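Okay, got some structures for you below.
You will see chain A twice below: alongside chain B first, and alongside chain C after that.
Coming up: the complex of A and B.
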């Protein structure tokens, strides 16, 4: 029996109907709010869709690959992609390392204290990104911000985080790492699931703390690491709110629109909603989709070597 | 067991159906309710309830529309391009919009706004009462697309205590003499431990770069908005000079970090705390200072190289989007909102409020010359503060020397190119010449693409 026939034959059972009925709202939402707009966006990336077309003043005309050629020749695309990649390369490993370190510390302390600190570490996660964007300029102010005052206290002359192009992305990455709570909670759950007998066996064999971490902990929590690696990478490549609020929002007066903070999503937003180049912005969004897809596929490919699922042979 | 599954599935589907139908019905019902309560429903986007200057005029305009059997929906919130695009896409456009004059050219060039020439004729609107430069900023290819409101003229605000401390006179802040201004800025500048503790003179880059270029006699954009002059030698000269001012005062990093620490709208603002000597600022900030500080200040005009006063005017305008169903009423609304009588009544309320609170009235500066004359000749009285009296007198007078950026089909891209160039230069990535050359290429390319 072919796969299709096997699938169709499932509809003879009442449970199948029930399952699909429960799935229907999500399917509808996915089609109407995700797949549908994606297909329309793909179509628009091959057209001259802009303000005149939105207002119905002029018809939408196909322009073929014109926008994609423009992408290849747009210097700002290169700049925006570079900024986005650099930021992601800082934010992803930083978040994973800090989250894992915090999770491991929380595993070792008492439950009562652990509950308190788990809450404390999670609180930044629920801070609205717009508020974080506003905070960046205050906390990271080169002369008077708390971060540099703290560094001065330990004898370090802090940089001008919000005006020096070399330090803008690190400042944004640090603020992102500050909201490490969600990732930490995932690692906590993964660490709690590592069988204790593996550590005992490793200790009996004379493994040091580092060997136990490298050969027991990391492989056993590798699925969680892999999941967060993918999710954080996608989030990093799509970063928008904090950087936009801090450097491109209406209150900045233009004085804080540095090229160093021009992330891909911000440039896309600007092209679509400020310059009204909707077709071009649609092409940009598909370029980003392709980049994220390639990176994710690469991550999945690499995961076969490094990710261990319990129960696998 | 199976029956329970069936029941559960059925109930879930039924709940989803009811929610969808109910939600849709509520929407239809509320739309029907709106239709039933008013024969005409006039919708505004981008204005919203505000202070007494806004609300008094809006009440007058609402009364005028009520006589035409229309009620007014004026939701809060400023003009948002995304909301407007969504309204255009859904063909549910508001009847009138209130937007920055700098945006009018971009929307007009794309046919999204209605030219107001017939509206002006039907309403018998005397355009001569409005400031020529403000009308020019909303005129594209000979057609007027907006009725301008405020002008927000710019003067230099000098903090007397800082000037005294540094041995600088207000006359030293004459932008006609750049060398003298630079010396005054250095004198007033203070730093400690490598941090700026007082800015001498803030040139306000990139926002006021057009003003600096104008002081050399250069318009950065042609009158028809189709030609940019961002890399003109005078533009490079203006940018080089203003950059030098900032370099003299700690360099951009320290300079801007210090500015970001100011409590700009609060009681411990940079004037109150003597954190700045002088800087060019729009007129509305005098009202903030009158409310927050007793610090003495002096208003100094911005001057060109010939010694004449100049100022940079900016503000919003009323525009009618294509697809507006009540264009006649929109014209009436714009006329009443900007009429001299409406301005007078609104400013009278503001004036009385300020008197009651014991604060100086720092003026309201409109794009309607007739209104301004009426306000300041018939209404304005001294509150006993010589500084604010002088400031108001200067602001009233300087408007006639004002300029505005013309309407351009790629206004947003032009401004962005200029800002990006200046920010690249400020961060040390490019020289003024290289930055403005790049800006010129980007701006002119965008204008050429957008013009039809």
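Coming up: the complex of A and C.
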């Protein structure tokens, strides 16, 4: 029997049919909510689909690659991409460094106390993003906000975080770094998995604390660092809710719809569901997908040199 | 967008990353322990940091008890605590259907989480237990879908729901399902979710196969094996799925923003956003932050309670995600 026939003959077995019955919900969902929409989305990105077409007033016209050319010439796309990259570049390293620092300190105190502090540091992670948006407007208020009061206390005149275009993204990034809990928990588990004898050996060899960190800790937890690096980057590139809550919509406490907070996902949402330029928004979504893929593949490629997997060599 | 069923760290890509299985033992203290003096210093540092992490919560609670003019005095203990019979909370409940929004969020989160837990478990069980042609490729597709940004499917999915809405409206014997109903918020949960399928499959794989073989010999059906053996043993993974999805639904702003226009149907996050737009400074309001903050407390507190009750599941769920990748 050839391989293909053996493969096909599997469909004669009762087990196969039972398996596909169990898979049925997912298969249906995949076709109706993922694969189907992907095809439709790709098609839409080559059409002028919009409000008139939804209402059935005008027919859908194919426009070829027009939207994709438009993407390259749309100043707002450039702006939104720049905002998104700047925010991601602040948020991802910030979160990783703070999470690692917290995890390292937590590893050095007793377990009972460590668990208490872990709970405390995790709390911000369960704050709904809409609430984070409200907190940005209140805590980072330039004149009355708690953050600037605190800075005043140590003699620094804080900026107008929520209205000054150059400080909106740092404020958003800081609130995002506040929610390091999940990343910290991942690092805690990774740190707990580093064999103790490695540290003992390093100490016997007279390695300094810095050398032990650089040459033992970092390589041993590099898979966890790599994992969070990718996941945080993907999340950062798609950031929406906090910034949308604080700065977009009919009226908000900060500057009105400021360019500085126009992230890619927000621009996409507004194009699709406020302006109903659905063809264009579909093209935007594919550009986002492409960007995420390229960045992730680049990260995977680069990390080959740095990530150390136990038991591989 | 980052608002799709989402583990706390923005799940996605989990499986494309080759992270080796980390054997999760109890936390072993692998880093060198430090002397008592340094230890005290660390604890002091952690206490200072804890204040930084918790203060925004305390600020929220405290502000929700203050009259309008004192919200920004930033005192921890309010100078004047507003009249408990006519406070910010009864005010916010009075001015907007916050109670309705709250219960909408409760039942949508609960039902959605229940459905996605159940269906993901079925699919995960199939991938973990059955040998069948197509298994490898289908599982690769499951993992692949985690990479896809929500934005790509968001627009067509909306259009599909508009069509379903037009159809059900045209046939009066059908219930109205479609845009501006709450169905689009929970119906997708009937079809499993890639991240949870992955998480639960890991767990099912850990159940000794002999248990199932024995059940087969006893003549149990596949369904019995799933329902009577696999599900009870996988309870921790199912609880993790359930609370992660509760959290995802409780956090979600973009889906209700897309689908709901009638304010009776809103979920709580969308409701609070509306309050912010209505009573914040920009919306022509006079900045009634006491009202907004009281609403925000109603949004935040349920999650804190859930976290307090299920803390270890949050932690173990995230550890699985990061460790086993």
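Assume the second predicted complex is superposed on the first by the 276 of 313 C-alpha atoms of A that agree within 3 Å, B and C clash if a C-alpha of one lies under 4 Å from a C-alpha of the other, contacts with A are read in each partner's own complex, and residues count from 1 in each chain.
By our rule, a contact is a pair of C-beta atoms (placed from the backbone, for glycine too) under 8 Å apart; a residue touches a chain by one contact, two chains touch by 3 or more.
All values derive from a computational prediction rather than experimental measurement.
Of the two partner chains placed by the overlay, only chain B lies in contact with A:52; chain C stays clear of it. Considering which of chain B and chain C touches more of chain A, the answer is C.
Once the two complexes are overlaid on the shared chain, A:273 sits against chain B and chain C alike. Of the two partner chains placed around the shared chain by superposition, chain B is the only one that A:142 touches, whereas chain C remains out of contact. Shared-chain residue A:123: touches chain C; no touch with chain B. By the touch criterion defined above, A:265 reaches chain C but does not reach chain B. Once the two complexes are overlaid on the shared chain, A:22 sits against chain B and chain C alike. In the superposed model, A:170 lies in contact with neither chain B nor chain C. On chain A, the surface patch touched by chain B in one complex and by chain C in the other comprises residues 15, 18, 22, 25, 54, 137-138, 141, 144-145, 253-254, 256, 273.
Of all residues in chain C, only 1-3, 7-14, 16-20, 22-25, 27-34, 38-39, 42-43, 45-46, 49-50, 53-57, 59-60, 63, 71-72, 74, 119, 122-123, 125-127, 130-133, 135, 138, 141-142, 145, 147-160, 162, 188, 190-192, 197, 222, 226, 247, 250-251, 253-254, 257-258, 269, 272-273, 276-278, 280-285, 287, 289, 292-293, 296, 299-300, 303-304, 306-307, 311, 314-315, 318-319, 321-323, 325 touch chain A in the complex they form. Of all residues in chain A, those touching chain B in their complex are 14-15, 17-18, 21-22, 24-25, 50-52, 54-58, 137-138, 141-145, 160, 162-165, 253-260, 270, 273-276. Within the complex formed with chain C, the residues of chain A that make contact are 7-8, 10-11, 13, 15-16, 18-20, 22-23, 25-26, 28-30, 32-34, 36-38, 40-41, 44, 54, 102, 104-109, 111, 113-114, 117-131, 133-135, 137-139, 141, 144-146, 149, 178, 181-183, 185-186, 188-196, 199, 203, 217, 223-224, 226-228, 230-232, 234-235, 238-241, 244-245, 249-254, 256, 265, 268-269, 272-273, 278, 281-282, 284-286, 288-289, 292-293, 296, 300, 309-312.
Contact residues on chain B toward chain A in their complex (touch as defined above): 2, 5-6, 8-10, 12-13, 16, 81-82, 85, 88-89, 91, 106-107, 110-112, 195-196, 205-207, 252-254, 256-258, 260-261, 322-323, 410, 412-413, 415-416, 419-420, 422-424, 427-429, 446.
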